[in-house]
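Multiple structures follow.
What follows is chain A paired twice: with chain B in the first complex and chain C in the second.
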Partner chain A sequence: MAEICFDQVTRFYGPVIGINQVSFTLGPGVAALFGANGAGKSTVMRLASGQIRPSLGQVSINGLPAWSTLAKRHLGYCPDVDRFYEEMSGWEFVQFMVQLHGYSSREARRRTEEALELVGMSARAQRPLATYSQGMRQRIKLAQALAHQPEVLLLDEPLAGVDPGGRRQLLELFAHLGDQGCTVLISTHMLEEVEQLAQVVLVLVQGRLVAQGTLDEIRSWLADRPLIVALEAEPLRPLAGELIGWEEVRSVQIDGSCLVVQVRQAGMFFRRLNAAAAQGRWQLRRMEPLDTGAEAVFRYLHQRS
Partner chain B sequence: MQIDLAHYHRWEGRLRGPWYSALAVTRATLRQVFRRKVFWILLALGMLNFLLYFALIYAGTQLPGVGDRIMERFDFTVHPDAQRRNGYLRFMEQQGLVVMVMMAFAGSVIIGGDFRQRGVSFYLAHGLSPWHYLWGKWLAVAVLLGSVTVLPALVLFVEYGMFTSDFHYWWENKAVVVSVLGYGLVMAVVLGAVLLALGAWLRKTVPIAITWTSLFLLSAAWSEQLRRTTGDPHWRLLNLWRDIRCVGRAFFGFYARREDVQLAPWAAGALAAVVLICVGYLWAKLVHWRRWE
Partner chain C sequence: MKSWWYAWRALVWVTLGRLWWSVHTLLLLFPTAALMLFVLRYRERFAQAQPEQVIEAFAQFTQTVVVMLVVSFLLPVVALGFGTTGLGGDREEGTLVFLLTRPLPRWSIALGKWAATVPLVVLFTWGAFAGVCWLMGPAGRMAWRGYALPLFWGAMAYGSFFHLLATWVRYPTVVGVVYALFVEALLGNMPGVIKRFSIGYYVRSWIYELGAPWGVSPPEMFVPLEATSCAWTLIAITLGSLALSAWVLQTKEYIQQER
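After this line comes the complex of A and B, so read on.
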């Protein structure tokens, strides 16, 4: 079975820690690796693709150490590199990459043609890479990752620079591969890109795996996270008085014409606030969560982990 | 896009090993090198000297009476003589200049670009270990170097035997082949290791060319100055190019100077140290290459 396994993996870059005690196991299907820039996504991808070794722990592909040349035959890797061998044509590049897996020239040619067809680049494959747009480069990179029909596919920001139509096609392709039994791990910092097809989401924050589960599970955790909410309502003081008595509310502060409310469990608070507003005891004019940014979400997940 | 083409299954055929895959690295690297006109020009320059020697042998063997004088005039001998001259060694040493210039320009194309554009990712995720990658790259350097030194020298050797119709010449002088290959191997190992290390470190053509040239020219100047000042011939070991020639000449069985007999083992040691340092650097660079970005 196609499987990626990280077991207590830590990777140092000199004094800097890339990832810290990361453990997960992924089987067939599509998984998303989500995190902000510098969170350690690329380190996870490089470890999984055997480019670098872990400082501590084990990384394995189908039970083989990811560093070994045998394990690399099971995986296809689409790196986040944008410029490479500009004078080569797309066709030459993909064929060269296929030959690196040890295929004969004839077999490499056949697989190259098939892979270019798959990513929709057959007609433009004879052009030099220097003339390609970023989206076309992504497709060529994808072709070289898919050409040997790997069981594990690692995609580092595969949708960057791809137009909306192409993005939809590629997402369909990833979903199809996942359904076929391929283990697809997509690294991204735009979760909405892959939320529809990712069965599992891994969230990395500052090198730590802070959440792992289905998107619904992660959403439910986030629904009950602490939050700061700004409210504008009429009348203000009775509302403040009522809110301070709620179990879900930690503190209430009057700031000019609005209330700044520190909430313990956002999901429960919003349900109760909706119900109270519907009774018409006060008129709610504006409601704005103040710390919904990615950092706040990550901070919560980090604390929760 | 034809998504229905996407599937995976086990490959039922026989995959070749990573050492074989490294040959694809060599091929692709050479293709990259010879896409640039400058290398064709350098190769052509290298071939000029070869054509001169080729014509010399032709004239020497086909023009009775005059031929010997021409060979003598150009101080070319196909048999090591009493003065310990050897035309093939002479040819290979003369090709050194073209080799130096060619290597100076090739470093960026051969390996520098991989680090500059982070193309190493592609190699190391494709069933190649850093050793296989280095092997493929080194082979490319060796082929490039051999194409202007070893190969033409062997062609001259074959030519002499053919034009004299003396096929025993090849058998009687088979040591020449070993000597040429040995000299070529020393050059390929040392220059290959230094070039790959410099290319991986400096990445761009101009810094590589400047450092490469300085390395050989300055080391020659310093070593000579230090030898003159101290009178100690061991300072000559600092001259990397001289070390290569000293060890290379050992394959031909004679040295340029008497002191070289004593210096040869030291020169071999110096070259081995340089190669080890370069390989160690390359290994560290490939294993931890993300740290240098």
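After this line comes the complex of A and C, so read on.
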């Protein structure tokens, strides 16, 4: 069975820690590796693709150490770096990459054609790579990762530079590959890109895996996270008095014409606030969560982990 | 059907093509052309030479052209140009990641790059030397017959050494230039045993011994090693560099630097 397994993996770069005690197992389907820049996504991808070795722990692909040559037979890797043999055409590049998997020239040609067709580059593959747009280069990178029909596919920021129409097409392709039994791990810092197809989301923060689950599970955790909310209502003071008595509220502060409320559990608070507003005891004019940025979300998930 | 041989052959072939049709080849043609132009002028000195004076022309040609220009200049430059770019080009361009994530043993990638690079160094050097010898006439043809073998092993050793640098250091061309200037040009011409650190010393020693019966003698302070020792040393440098580069690539991690 196609599988990526990280077992208590830690990776140091000199004194700097890249990822810290990361463990997960992924089977067939599409998974998203989500995190801000510097969170450790590229380290996970490099470890899984066998470019680097873990300082501690084990990384395996289909039960084989990721560093080994055998593991790479099962692997397709689309790196995030935009580097090519620029003088080659897209077709020549993909064919060379397929040949490096040990296929004969004839078989490599057949697989190259199939892969280019799959990523929508058949008609434009004869042009030199140097003349390609970023989106086209991205598709060629995908083609070289797909051409040998790997069981495990590692895609590092695969949609960067691809136009919206192309994104939809490629996302459908990833979903199709996942349905076919391929284990697809997509690294991204834009979760909305892959939320439609990712069955599992791994969230990395500062080198630690802080959340792992379906998107719905992660959303429900986020719904229960603490939050600071600014409220404008009429009358203000009675509302403050009522809120301070709520179990979900940690503190209330009057700041000019608005209330700054520190909430323990955001989901429950909003449900109760809605119900109370519907009773008409006060008129709610504005409600604005103040710390919904990625940092606050990550901090919460980090503490929760 | 999959085969390691297909993959390795593709690696060698593509590397060879990329090296040959590169700007390096074009750049190396300039010193080669300059050398040939020099020989065209140089041979005029011996235009009136009688057949019995061919030996003298051969001895002078050996000193001036073969040792000073071919062995001490052209050979290291060609080896540096091709040797450091076979694998070093992939490192500098950031395309090495595509090779390292393929199911080819890493040592065989080093071997494949070597198999594309070093023969090119040999053929280019040999080609340039053959051209120079042909232009020189009878003395040149003597030189070709006598010195093709030391030049072959010199090219193998230099090419392999620069290939090793390409696997080992991040900027092999820079380190290679420093090596050529410091070790080959400076230490290689110093008196005493310190010149034994330079590859060129062994090629020159070998040439001096081969040319000795025709009056070719080393300069003062240059104590040549006997040809057999030179041959074995050059073979050892070739094989040692190849083995070491395979081991380095097998064990070293290459982390892509963002540009």
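We take it that the second predicted complex is superposed on the first by the 305 of 305 C-alpha atoms of A that agree within 3 Å, B and C clash if a C-alpha of one lies under 4 Å from a C-alpha of the other, contacts with A are read in each partner's own complex, and residues count from 1 in each chain.
One rule holds for everything that comes next: a residue touches a chain if its C-beta (ideal position, glycine included) is under 8 Å from a C-beta of that chain, and two chains touch if they have at least 3 such contacts.
Computed from a predicted model, the values in this text were never measured in an experiment.
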Simultaneous placement of chain C and chain B on chain A, clash or fit: clash
Chain A: partner with more touched residues, chain B or chain C: B
First, second, both or neither for A:Arg281, with chain B first and chain C second: neither
Chain B versus chain C as contact partner of A:Gln180, first or second or both or neither: first
Touched partner set for A:Arg237, first chain B, second chain C, both or neither: neither
Partner chain in contact with A:Ser104 - chain B first, chain C second, else both or neither: both
Which of chain B and chain C A:Gln169 touches, first, second, both or neither: first
Contacts of A:Arg219 with chain B and chain C, given as first, second, both or neither: neither
Touched partner set for A:Leu118, first chain B, second chain C, both or neither: first
Common interface residues of chain A - those touching chain B in one complex and chain C in the other: 13, 46, 49-53, 69-70, 72-73, 75, 77, 79, 81, 83-85, 87, 96-97, 99-104, 107, 144
In the complex, chain A residues that touch chain C: 13, 46, 49-53, 69-70, 72-73, 75, 77, 79, 81, 83-85, 87, 96-97, 99-105, 107-108, 144
Of chain C, residues touching chain A in the complex: 1-7, 10-11, 14, 18, 21, 93-95, 97-106, 253-256, 258
Complex contacts: residues of chain A adjacent to chain B: 2, 13-14, 46, 49-53, 67, 69-70, 72-73, 75, 77, 79, 81, 83-85, 87-88, 92, 96-97, 99-104, 107, 114, 117-120, 144, 146, 148-151, 154, 169, 172-173, 176-177, 180-182
Partner chain A, residues of chain B touching it in the complex: 1-9, 11, 13, 15-18, 20-21, 24-25, 27-28, 31-32, 35, 113, 117-129, 132, 287-288, 290-291
